[in-house]
Every structure is written in structure tokens, then in C-alpha cells.
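Reading through the C-alpha cells given below for one structure.
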Amino acid sequence: MSIHVTDINKQFGAFRALDNVSLDIPSGQLVALLGPSGCGKTTLLRIIAGLEYADSGRILLDGEDASDRHVRERQVGFVFQHYALFRHMTVFDNVAFGLRVRPKKFRPAEAEIRKRVTRLLDLVQLGWLADRYPSQLSGGQRQRIALARALAVEPKVLLLDEPFGALDAKVRKELRRWLRQLHDEIHVTSVFVTHDQEEALEVSDRVVVINKGKVEQVGTPEEVYDNPATPFVASFLGSVNLFHGRVDGAHLHVGEHALHVGHDHNVTDQAIAFVRPHEFDLLPVDSPEGGLPARILRVISVGPTAQVELARLDGELVEVTISRDALSVLGLREGDNVSLRPRTIRVFQGERLAA
Amino acid sequence: MKFKTIIAGLLAASVLAGNALAADVTLLNVSYDPTRELYQDYNAAFAKYWKTKAGDNVTINQSHGGSGKQARAVIDGLDADVVTLALAYDIDAISDKALIPADWQKRLPHNASPYTSTIVFLVRKGNPKGIKDWNDLVKPDVAIVTPNPKTSGGARWNYLAAWAYALEQPGGNEAKAKEFVGQVFRNVKVLDSGARGSTTTFVERGIGDVLLAWENEAYLSLKELGDKFEIVTPSLSILAEPPVSVVDKTVDKRGTRKVAQAYLEYLYSPEGQEIAARNFYRPQDAKVAAKYAKQFAKVRLVTIDKSFGGWRNAQKVHFSDGGVFDQIYIPSGKK
Amino acid sequence: MSASIALQPGALARYETPSTSEPAWIKVTLITVALTFFVIFLLFPLGTVFVQALSKGWGVYLSALTSHDALAAIKLTLITAAIAVPLNVVFGVSAAWAIAKFEFPGKRFLITLIDLPFSISPVVSGLIYVLIFGAQGWFGPWLAEHDIKILFAVPGIVLATIFVTFPFVARELIPLMEAQGAEEEEAAVVLGASGWQVFWHTTLPNIKWGLLYGVILCNARAMGEFGAVSVVSGHIRGLTNTMPLHVEILYNEYNYAAAFAVASLLALLAIVTLGLKTLVERQTRKQISESQKPSES
Amino acid sequence: MASFKNFSPLPGFRLSLGYTLFYLTLIVLIPLSAVVTNTVGMGWEAFWSAVTEPRVVATYKLTFGASLLAAAVNVVFGLIFAWVLVRYRFPGKGLVDALVDLPFALPTAVAGIALATIYAPNGPIGSLLAPWGIEIAYNPNGVLIALIFIGLPFVVRTVQPVLADLEKDVEEAAAGLGASRWQTFLKIILPHVTPALLTGFAMAFARAVGEYGSVIFIAGNMPMVSEITPLMIITKLEQYDYRGATAIASVMLLISFILLLVINGLQGWMQGRYTKGA
């Protein structure tokens, strides 16, 4: 089932949670709503679910207007951030709940419910926990039960609010791989909210980056990572080094130094530029290819790559990642002066600066 | 809608609670504190009498409390068929609200008081403080227990008796009486709101040297609580006339006038008078009085009408807010 | 107004290290002070009730409890509680639902109003009903005309009791339901549960101990109320006397043993209440600590 | 107002709030408004003279004085109770913990007669004190005793959980920084429990101001000396002085309301304090 969100606005008192948000989510995809906390992503998810009502705008599910449809009738599955398992029910009863509360006419026979719940518990690999209570489960197990419970009612859309937020790092990694596999198996249109860019990039088909109630960019993980549409997206996804300067033709002037930016900008103006740590070359100081002079403060070479911390002449810090091989070839040490040359540089100027 | 349902529910409950006790006729006698034992006996006797006379089963429900509080409850809607209170003023208050005609005191003999009583002293065994008369009460080391005249009918009689005593002393006048009564009340240790509370305080809690009490209450304490006490009858006291009346508004509504009337009239019968005397009330009936003469000490009695110009006047002068009684308690300088 | 307790069972051990405990003499002194205070102020009055009740032997005790007036008082007390408590339970649940699960302006003020009967003198609580239903009050004439008895009858007693016990259930449930949030209910709604199903299957199981706690306190107060009921009762023996009023009457009749006998029933009720309360607290504690158990992998 | 329902997908808002307001109005607001309208009806001067009568003023002094004193006593002993219950182990602790709530559960009339019996000069405790000339029952001391009795659980039960909540490491840190046990108590523990103590104090005070049943049996009820304000209302009623009774009732009502606002404010403070800290 596809989801179309058009012109959604939502205000909490003086706080503008969602500002004219429009979004298309094609059927069968796994989509991440990514943004810092308080950006409105959870509100958007709850509005799609029908747990919250928008001040204006429409939600179309499968092309049909569902804006005024009650959450009960939207056929969505929702996994809450803290799971919201029913504490007084066993795992089995939790998963069966959605089936058992159906009106008699639509309620499957108890044997059928039993079969379906068992199947779901097997799907989430927790069949052996059926008789336990939620308080006896670990966080990761609770999460999977919450998912099974949401799936039991055979939702057309699965919505997950920070599904891995409350878990520790190792479990989180396992679970998100598992979620991806599960999605590939069942192919339900799924939307999950996260503030963790790594999670969004790793799991989803598409990423929706949201900031301050507005959609900044929608795209595949590669698109948003490689071609951020706004300075916010650039800085929010992965680590970046930031440069302030002026663009003039094909160059960015930072202080008295100029960097080649690849293509012409026809307007001469203030600009900011982003360079990811692994997109730098480190050259000898007097390299003819130019670049920004900087001094090495610290070298951390653990693992396959080395992190080099440098200070520009104006004191600004720059972070560079290079392979350990390259580091040893160059023979760089702390205190050495080098020239920084970006291989790729993203320049934002004019209106987009303000964003 | 809901309100009605609730009310209906409550009503149903009240009917439920009431039914178990319902007989052919019920009367509610709203009385003051010390008459519990009297009416316990009397109600049984009257029920028997009425059964033989009219053939009806009559059940009399009793409510007791401070006289003023009881009158107030009747004014507020307590459906008393008859009131048997400590003083005429309280029934006057009910009559002021048109529940009883103003001439109620003329409807039954003896100012509508079927029995009388007076105020005596109850002291501890052996009378250690040597209390003989009112003037012994103002000795500095005497601790007195009496109810509060503002709330207790009996206490008003106490107060007025002390006042009358002071007036009757050689050279007695209003100012001296006020001074004297003030001294008496400055010796009061505990001022309970009702006569029964005072008796409990004195008898059971062991507070005070002397209890100013109804004569009947004092004798009853003696009878119920053994020989740890003595009764001292002062040289002069007041004739307390606890009056009774039918509450016309209630009996007319409930159709119980006949039996209520009979209930009060039977108090004047020899049987009723006997019961009153047995409960230490002074009977009005001469024959019964003679029979029980030994029981009651001789004492000079003044009346409220002669010494104080009737209850309404006494109330206004002495017990209204800011009246003489309040002035006794309020430190000089203020008001 | 009673604060609920969240003591962990093993809490004690935490304090028994040298840097955070007191010298033995201070401990002993403090415990002695507390125990002395406890004996003088709590244990002694309670003990007195039973000692006095049995001072004339079991025969007097039992006959005091089985006299006609005592039985009528017990019955009236039970009827009053049986009406007042359920009404306040319905109100308490409804108020807690509205207040804990929804946002609306004036919420804090509403809570203050709900608390109001707690801090009003029982005497004033009785007086208000006199002012309204008394023969001289607002509805007095109308009620008299239609021959409806409220004051000095069971309805008045019930109303006064409802008033003084009004906040008990709501006050227990509001903080509990606020702390629990609305997530489980939302989950149930998403799964298709109807309003009633949400309440019955998700909310009620989570608040049942708090609710029971409120009911117990509400019931204890309903059965034990004296001041407010005294003002509206009329004190008709066998008809409008509740147990506490009957105690007062017996007390005023020099019938001390009997007065304390009926009082001992009320004291027993208090003890049972405290016992149940302790049990319920233990359950609530369990529920809370379970729901707060950190989710580890 | 119309958009209320949009705040939550949960059902029953209109029904539950509607019923709450209806019941609140019926049971609490309408009856209370009777006091207010009756007071307004009597005019300012009559009102003022009724509530400033010397005898009434004396009851305020006693009621508020004794309530303050009782609440203060309860703060001290309530803190000790909470402290030993949270921190120490001793025989009978379970019983003490359970019975602390006795004053909540015991009908006030029963408490009144029991206290009067014990503290009367011929009672088990009164008779011990009488030889020293200490009288408790039937004077303002009796009022104080009754008010201490009914107020105790309020302080214990607000302080206890807060004290239990105080993490040991804070105290260890203080000890590690060189603070003595007494300094730790004064500077670390006491400030932590102060909001709870104040809340308990205010609750005990509010309850004490309105208390009637347990006090009248033990007070002695002497005008100007040991009469409490609620008794004054009853006394006025029994003198058919409805206006006076209502006027005094309205004063008490106002005070109740103010106290309640204070308590709610304190509780808000407490909540902010303890949830942020945790």
C-alpha cells in the first residue's frame, strides 16, 4: 500500500512541529524518516498512523483519503518506541490481542488465532517465549514481540517509532539487519523513524531527511549521502568539515587561499562548503597543486584507516581520514605542516545557505 | 436525567432502610440529652397503652442531642411529630418558623411542661471541697463542670439559677449578679456542648470538683455509676420546666396528630407521671408528687417568668451574641 | 493526599556502609524516639479501644454489637458505603481517564477542585447540605412539597459521605495513570480495540491495584465519617445513626463498654484497611518495578 | 473547545470529562456555592462582624495556632519516623510501617474517645502526667494532641519515598569530600527532603484546621480558650444563627482553598525537583 502525504501542518501551541510536509512513499518500500530529535519525524509518523491529527493537509493510503479515518480503520501496524507491550498479558496474548478484539463477525476462530500467533512468533524467532510476560524479556526480545504484535493484524503499512532507540549498540546492529531481512520477506510498506543516520542509511530503501518540521531531502541512501540537497543534509549525514568563503567562478576562496570546486558558479557570493574527512588529499606544503595549509595536531592510526587532526592557519580544526598505507608513504608526524586538498567539495550559496 | 436516577436510588435506599422498622404508626420524638432513659421507659408504656386503646401498633423513634441542636434540626426539616425539649425558648424558635402555632404553651396543662426539674450540684464522695451552696462555687480552688449555655438548654438553667441566687442575696442587684456569675464561670474547667458531655467529663474523666446538673441527671448518674458521688442541693434553685409540643406541620402532613396528641397527654396521666418520677423528674400530678416526695430535696425554686421575664427576654439579655454571657468570657477592653 | 510509597525491598542494605551511617547511639536514640511516639500516639489509642470494649466481658461486648440499634447502625453504614463508594469509583476512573490521557486547558485547576473536599472541614461539608436541602434552604420548600426527604434521612447521609470521600479514588488514579502514559492504550487502539476494550483489557489491568487502594481508603473514610454525617443525620436511633454516631450516642449514655465495642468494630475495619493497604502497596510496588525494569539485552 | 477531540486517538474524552465536570458540579461546586451565595447575601458588615467576633477570633487563634504547632511537631517526628523506617532495621518495623496510617483509617470519633480516655487525668497516660501538674485533656493541649495524631501520616508518607529515593552515592560523595555525618545531613539530605517536608507540613496543617471529630471529645471546648473553629460553626447553628455559621464556614472554605493551592504549588515544586534530579 502506498502512502501519500500532502501539505501536512501541525502546531503544538507556539511550536510548529510540521510545516507543509508532502511525501510519497511507494508500495512495498522500507523508508526511514531521519532527523534530529524534535524535528517532527515522530509527529509525522503518528499522523500517518492516525494517532495524531494534522491541523491541515491530507493522508492518502493506497490513493484513498484516510485523513478522517480513525486509527482503528487505517489498517496500520505501529511499533512504539518503548514497545508498549501489555504488561499483564503473556507474549502470546499480546500478539493475539489484535485478533481477539475484533468484532465477532471478523474474529478468526481461536484455533486459527493460535496458528497465526505461533507462526508470527516463529517469524520473529521467539516461539519459545510464548508464555512469558514482557517484564521477563530483554529489550531486543520485547522489540521483536512488539513487531510480531503489530504484524498479527496483517497491516497494510508498518510504522515503527525509533525501533532501536532503547537498545544497546550491539543488539541494535543485529536487530536492524534482521528487520531488513524481515522486510524483504514480507514486503509490507514500512516507515520507521530514527535519529541515527547510520541506521537509516543501512536499512532503508529510501531516506526522508527532516529538519525543523520540513522535508530537506528524499532519496536513496546513496543519493542523500553523496548529493546532499542542503547544508543541513550534508552536515547531518556523516561527519564533514565546514569551510566558509566566497565562490568566484570555479573557485572557493577561503581566506587568501583558493580551492577548485569543479564547476563554475555564475554568481559571486558568500558560500559554505562541506568536505567529508575521507575526501581530502594530504600534500607537501609547497605542492604546486595548491590547497589549504595546515599543521598536523594528532594522528590516530588504529584499524584500517588513520584519523588525522589538523589545524588551519586561522586555527580552525579539520579532520581527515586516509588509509594507513598512505599515511606511512607520506611519513607524516604530529607537528608537520601539510597542504589540504579536497577531492570533492559541496558548495552551498544563496538561498540554500539559509536553510 | 442522571440526577434523577441518583436521587431515585438514594430514595430507594432510604425506603429500604426504613421498611425494616416500619410498623402501623411511627412517631418521631425529638428530645434533649438527659431524657433518654425517661422516654425509653415511657415509649414502651405508651405503645402498650395505645395498642389497647386504639388497636394500633405504635413505634416511637427517638432522637437526642443538645436542646438547641435538636430544635435546629426540626427547623431544618427533621420530621419530628413531637418535640420534648429542655426549655420553652427552643420550642419558640420552632414556632417562629410557623411549624407550631405561637400559643403552643397554652395547649397543654402547666405551660405544656408535664414534669419539672431543677439544678443541683453533683460532687465527689465526701464532698472534699465542702460545697454547700452557690457561693461555695466561686472559691478559687473549686473546679466546675457545666455545659455551655449557648448550646445546652440545661446549662442555661444552671446559669440562670446562679444568677437568681445572686439576685436574692441581701443587697443583690443586676451588677452584683453579673459579677457573681462571672466568677462562677471563671471556675469552669470544661464547657461541653451538651449536658451529657459534661456528665461524662465529670464522672468518667474525673475532671472538676462539682458538676452543675439537672436534678434528674444527677440522680441518674448516682444510680448508674455507683456511690463515688454525692448530690448537694443548693438553698435556692430555679424551677426548670422542660416543655413538650406536637409539631403541627409534621403531624398534619403525616396524619399522626391524634396519636401524637395522645402521646403527650398520656405524659400527664398517673402512669406517665409515675414514669417521670421514677426517672427523677418532678411530677406535676399532686398524688404522684406526694408519693415520690421523699425522693426530691426541698428547695426554694424561682421561676423564669417571675425572675427573668420569660424565656425570650432571658435569651435576649443573657445568651444572644454579645449578651451578658458573652461579656463574661470576653476580656475587658474589647466590646 | 496519601503519598504512595516506592521503597525497594532491598533498599536497606544500601545504607549500611560506614561513610553513610550513623553511630549506634544515634540509631538507637532515633529508633527509641520513633517507637515511643508510635506507642503513645498510635498503638495506645488503638489498644485502648479494645481494652475498653472488653472491659465488661465478652457478653456485654457481643450484646452491644447485636442490639437492635447497633445492627441498624451497622446496616446503615454498610448501605451508605455501598452507595458512596461505587459512585466515587465511577467518578474517579472517569476523572482520571480524562485528566491523565488527554490534554486540555484548566487541567491543573480541575485537579485542585477535585481535591477540595479533602481540605474542607467535615463540619462545613455537612453545613452545605443543610443550606441546600434544609427546610430553610434552597430546595427545602420544594422537597417538602413533594415529600422528598433528603436531610435527616439516608439520602443526606449518603450525600455528605459522597462529598467527604469524593477525591479518594480519583486522587489515587490520576498520578498512576499519568505515570503510565497512553502508549499501551494507543497500541490497543492501533490493533483495533474499541473504547471499552481498550479500557477493559489495557487500562484496568494496569490500574487495578491503584484502584483497589483508592477503594479501600474511600471505604474506610465512608464508614468512619463523623463530623459531616453528624450535621445531617438527625440522630434518630435505629434510623439515621451510622456506626460512628452510634458510638457517640452510647458514649453519651454512660454505656462506655458498648460505645467502645462498636468503636472496636470500626477500629477493626481500620486494621483490615491497613492490612489490605499494605498488601496492595506491595503489589503496586511489584507492578511499578516490573514496568520500570531496565531493558537489557 | 471543538478541537479537543483532535488531541488524542483514545476514545471517551468527551464522555469522561463531561461526566467528571457534571459530577464535580453536582457534588462539590453547587453545594459549596451555597456557602458563597449565602455569605454574599448577608452583606459585608454583617459578615465582617460575624467573623471578627472576639470569641470567633479566639477560635481562629487556637485552630491555626494548634494546627501550626501540630504540623511542626509532625515535621520533626515525621522525619524521624521516615528516617528510621527507610534506613534502619529494628523489630516491629513492619507493624510500625503499617500502623503509621492508622489516623487515616481510624474514624475520627473513635480516635477522639480513645485519646480522651488515655489523656484524661484518670487515664493511663494522663494519670502519669497529672502529678507533675501537666494536663493534656480538656484544654488546648488536648487539641494539640488530637491534631498531632491525625497529621502524622501526612508527613511520614510524603517524606518516606523521597528519602528512599536519595541515592547513597551522593552521601558517599559528601563523606568523601570531608563532610561529617551531621554536615551531610544538614547540607545534603535535609535540602533534598525539604520540599517533601513542606508538602507534608501543609497537608497536615490543612487537615488539622478542618478537624472536628477527634478534637471535640478531648478539647474541653471552653470559649476563648479551647474552642476550635469548626465547633464554632456548630455552636452558631445550634443558636439558629445560620448566617454566622455560614460566614465562618466561608472563611474556612477560603482558607482551605488557599491551602490547597499552596499544597499543589509545593507538589509541583517537588515534582520538578525530584524528577529533574533523577
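Things worth noting here:
Letters are used for the chains, namely A, B, C and D, taken in the order the chains are written, and counting of residues starts over at 1 for each.
We adopt the following convention: a contact is a pair of C-beta atoms (placed from the backbone, for glycine too) under 8 Å apart; a residue touches a chain by one contact, two chains touch by 3 or more.
For clarity, every value in this text was computed on a predicted model and none was experimentally measured.
The chain pair sharing the most C-beta contacts is C-D. Ranked by separation of Cα centres from chain B, the top chain is A. Centre-to-centre separation between chain B and chain C, using Cα means, comes to 38 Å. Our note on geometry: chain A versus chain D, Cα centroid distance of 54 Å, whole angstroms. Touching two or more other chains at once are residues 130, 136-137, 159, 186, 189, 194, 251 of chain C.
Multi-chain contact residues of chain B, defined as those touching 2 or more other chains: 75, 204. Contact of a single residue of chain D with at least two other chains is seen at positions 8-9, 231, 234, 237. Remark: the chains found to touch one another pair up as A-C, A-D, B-C, B-D, C-D. The touching residues of chain C, counted against chain B in their complex, run 72, 75-76, 79, 83, 87, 130, 133-137, 140, 143-144, 147-155, 158-159, 234-239, 249, 251-254, 256. Contact residues of chain A toward chain D in the complex are 50-53, 70-71.
Note for the complex: chain C touches chain A at residues 183-184, 186-194, 197, 201-202, 205-206, 287, 290-291, 293, 295-297. On chain B, the positions that touch chain D within their shared complex are 2-3, 66, 68-69, 71-72, 75, 93, 148, 150-151, 188-193, 201, 204-207, 319, 321-322, 326, 329-331, 334-335. Against chain C, in their complex, chain D makes its touches with residues 4, 7-13, 15-17, 19-21, 23-24, 27-32, 34-35, 38, 77, 80-81, 83-90, 92, 96-111, 113-115, 117-118, 124-125, 148-149, 152-154, 157-158, 160-161, 164-165, 168, 171-172, 175-176, 181, 184, 203, 206-207, 209-213, 229-231, 233-234, 237, 242, 245-246, 249, 252-253, 256-257, 259-261, 263-264.
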